[in-house]
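For reference, the structure discussed in these notes is given below.
By letter and in written order, the chains are A, B, C and D; residue numbering begins at 1 in each of them.
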Amino acid sequence: MIYDPLDIALMLAKIALVFFVILTLAAYLVFAERKVLAWIQDRKGPNRVGPFGLLQPLADLIKLLTKEDFRPIGADKWLFYLAPAMAAIPAIMIFAVIPFGAPLRLFGHTVQLQVADLHVGLLLFVALSSLAVYGVALGGWASNSKYALLGSIRGLAQLLSYELSMGLSLVPVVMLARSFRLSDIVAAQAGCWFIVYQPLAFMIFLISIAAECKRIPFDLPEAEGELVAGFHTEYSGMRFGLFFVGEYLNIIALGGLAATFFLGGWHGPLLPPVVCFSVKVLAFAFLFIWIRGTLPRLRYDQLMHFGWKILTPLALLNILVTAWWLVLRG
Amino acid sequence: MTASDLRIVLPLLLLAGGALLALLSGGITRTERASYLVAYPATLGAALWALIAPSPAAASTVGLASDGLARLFTVFFCLMAATVLALSRTYNSERGLRGEEYPATILFTTFGMTALASATTLLSLFLGLEAMTFGLYILVGSDLGHAGSVETGLKYLLIGAFSAACMVFGIALIYCFCGTLVIGQAVQATLLPGAGSSLAMAGWSFMLIGIAFKLSLVPAHLWTPDVYEGAPAPVAGFLSGGSKGAAVLFLLRLLPAAGDAGLLRLPLWWLALLSMLTGNLAALRENRVRRLLAYSSIAHMGYVAVALVAGAAGGYQAAAYYAVAYGIISLAAFGAIAVLERTGCGATVESYRGVGSTHAFPAAVLTLALFALVGIPPTAGFTGKWLIFTAAIRAGELPLAVMGILATALSLYYYLRIVASLYFSPVAARQQPLLAPVERIALGCLAVLIIVLGAWPSPLLDLFSRCFNR
Amino acid sequence: MEAYLFYLLAAVTVIGTVLAITEKHPVHAIVYLVSSFFSLAAIFFLLAAPLIAMFEVIIYAGAVMVLFMFVIMMLDVGRSGDGLRPGLRQWLPAMLLAGVILALLGMMLAHGGWPAPGAGAAATLRDFSLTLFRQHGVAIEIISLQLLFAVVGALYFGKRRGP
Amino acid sequence: MKIVSDMTALLTGMWITWQHIFRRPVTIQYPEEKRTPYPRYRARIVLTRDPDGGERCVACQLCSAACPVDCISMQSAEAADGRRYAAWFRINFSRCIFCGLCAEACPTLAIQMTPDFEICKRDIMELLYEKEDLLIDGCGKSHDYNFYRHAGIGVTQPRGAGPKEKPPVDVRGLLP
């Protein structure tokens, strides 16, 4: 196959842009979370480093980088070192398929504002989110610690259970858009966002992605009160940082996907498409922080019951109803 | 799906629906009675429909057909399932084996067999076989109270998974070569002499390895004695009669499409020879009744393989007939064993001493079944062997036929050892079993069928020859 | 470009699988197998079968292997020992079979007789699903029933023993 | 309907936290802004003097006995006029938990607690306060209390000379 150098350059530019933006965003999401949580708890939050504490992420980064890289005795060396990467990489890779703006005309080329417009984009997302389990599982297992092992076993079971309802809640979206391609799904929402047709699927997806990012009220794998920090108890320095950043990347990615699947992607009134999309993503991020500031953690059996006995059957029912509706509408 | 398609799949629908209904009713009523009440009509209804339904007007669009072979074997499998259900009720309740899963799984297994019987593509053929084996994994391990049973189930599962992997790999290779899954086209494109390529041959070898596991032909027979020993007796009967029948049917679906065993003749020839010899020789040294019957079933599958080698010279009819006959015989044998084991008969031949005088009826059925397995004249076993060996001689496989007859003569010893133990040994005091009427009827029917099929085989043979000589 | 990628991925797949077989530690074996599955998926993607690639990752790497890992972690097998490592006697039959199969493959390669490669048009998702559900609908029903009974069997064996 | 009430409960919680986002934070930016503790705040311990300027402490060891973390130690001594005093007195503030039990126990009101909470040192040994560090030039919370004036022991003044004090009774003179 012959490749156009301009195409390659554009692709590299897009990758670099996305990388830069999401990493910065993830760092500032940590800061935003600390700030918003502080406000919810009537505190001020970090405000020492730089004006309003805006340089706090940088300070955190320096702290994490200069900390001792520590490995417990009896830990499985390679898996211990590999696990943080396995947690962060799938989260980054998901961004490849998210369309973050309307196509642009540039140098006579139509540039998709999306790194890769795969026609199995949605499936790629499901596949990658199912691979993200390995970071949690291996990290906890390789640490040779009881807390970490318990956390990773919990994480495995939780992610596996909620992946199911997440996947099922996306089926109606595919049925409505008649495509797995994310740009098609966005295009299908030009008139009306899917949240209007599929409020239930949206709710299920929202709950499932909260469980997928291991956010409160589903943060059983790292429950501080019982398991110290769960699967990353034994990690320090930048390896812990990778887990941490991976989690926030995941929040942004899943927020972006929720916006793409249910809130019309970059479609929106008044604002330019990219801004519209960013607003939606940030709104999701804020929602997660807000929920974290409000709800207590579930008990483990409640978590499992909720996933298997409520969400999954509801999602199946929703698929059935949507299918009937589509058939009747013709 | 059209109305004629519905006509084809109705037996399948009945069995599948019956299985689901049995599960549901068992779950709701918390007794297994309801499940059995659902299971009988489902099997009998499916059999009846296959018997009397008019042939569909239009060609099938769903990858299933209802030709003569399919209908005959559907009837066979369904009736067999009904008999197994009848035999297992009392057996299970005495062994503390309860739950609606058992009848539902029997129905599901029968569903798999029936799907296999009516398959027209390699895909549905394989899936039918797998569905059947899947049900049998559960059934074989279903006796949770019995220590060996679950272990047996696991052993069967591992071997079965291996053979399924071989088979699906073989199908993939064949599909890769000829680009179609329809049995007739695929077989003709690959199996006819001169047509085959090395790729397709590799595919067929994998298929043959897989099916050899299911048929327990000799290099792949090692699981058989353990599974026969650990499974509940009616399930062992179902396994030996039904699943072997289905596996034979699997080959009968494939091979006649090429007219001859073609390129598979040589491997089949060796499989047949080794199975006959190994099965009979191993059975000679065996002292436990169920393991003995397992080795005998290996030997019998060797005879069937002889028939398949003989191929178009009447071998296919003989194989089909023998599959049916062997199914009935082994079900009768295991049914009788199921009854006798309740009276306290153990594993060994010696523990059956004197049963003939205390429990005349089941002992008589067991004796009849053993005679049929040897091939004593008025029984179906004799007729089957006669058909197989004449077909083999007609096809010019004289050495194989001679070896088969010699092996049969050899088998006389160990079958008669059981019979001798049943009748000619001193009587020990035993408890009287409660022979449920339904068991009595089932065993009686099986015994009558063994005689009738043996003495008057022509209607069945006519049907079979019509199937194979289109 | 595609050819280089293919050979790279194929090498990863083969090496990963071999390591998965020879590795004595179950969790390591799982990691090797997952990487092998992943590169296999990438190969499928190169072969213009993205759907199969995705299913490979979702089902095998993402679900089956995760369940394996879950069970291994729950039972905590493999921590205690080298008893799991098979000796030469256990290896021998497998090696023999593998040798035979490899020899046959070599013979086939030398002998030829491959089917001509197809036109290479990538099947779209729509084609794929139409073929699957129109032509092989019954097969899907059989499989779904089979899965149901897998669940039934698992529940049955998981039932509490005794009264 | 359980689900409706559950949803309402969740949403109520969300609403409350939403409101709190816009509340004024209660945080006090400590080193810059300081809050004034109440007079009875229990922080750094001091030894006070009586109105006459003498030490109040009589080295009775009661505070040391009352201290749950055993951070008070001293050596008692007696002056020529019979007045007891602490030869040395030491409080280890790295152990002190500011429970106030010593102040409760003190019969002479010598040991008292102050609102000075900023006790912070680079070297832990500097938290070992000796008598010189502890003793202040003042009466602390009770300005006019002097134990020896009330005790009637005859150290600061002759016996019976104290306020409201009756002269000592000659026990022998009472004998019949």
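The rule is simple: contacts are C-beta pairs under 8 Å (C-beta built on N, C-alpha and C of every residue); 3 or more make two chains touch, one makes a residue touch a chain.
Given the structure is predicted, the values throughout are model-derived calculations rather than measurements.
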Give the identifier of the chain nearest to the protein's overall CA centre, each chain being represented by its own CA mean. C
Please work out the Cα centroid separation of chain B and chain C, and write it as a whole number of Å. 31
Mind checking the centre-to-centre distance between chain C and chain D? Centres are C-alpha means, answer in whole Å. 75
Taking the mean of the C-alpha atoms as each chain's centre, how many Å separate chain B from chain D? 95
Between chain A and chain C, what is the separation of their C-alpha centroids in Å? 28
Could you pull out the residues of chain D that touch at least 2 other chains? none
If every chain is a node and every touching pair an edge, decide which shape results: line, ring, star, complete or other. line
According to the definition already given, which pairs of chains are in contact? A-C, A-D, B-C
Contacts from chain A onto chain D in the complex sit at residues 36, 38-44, 290-291, 293-295
Spell out the residues on chain B that touch chain C in their complex, using ranges where they run on. 1, 9, 16, 19-20, 23, 62-64, 99, 101, 104-105, 108, 111-112, 115, 121, 123-124, 127-128, 130-131, 134-135, 137-138, 141-142, 144-145, 150, 153, 176-179, 197-199, 202
Help me check something: in the complex, which residues belonging to chain C touch chain B? 104, 107-108, 111-115, 135-139, 141-143, 145-146, 148-150, 152-153, 155-157, 159, 161
Residue positions on chain C within touch of chain A in the complex are 1-2, 27-28, 31, 34, 38, 41, 50-51, 53-55, 57-58, 61-63, 66-67, 69-70, 73-74, 124-125
Listed in rising order, chain A residues that touch chain C in their complex are 1, 3, 76, 79, 82, 118-120, 123-124, 126-128, 130-131, 133-134, 137-138, 141, 149, 152-153, 156-157, 160, 163, 179-180
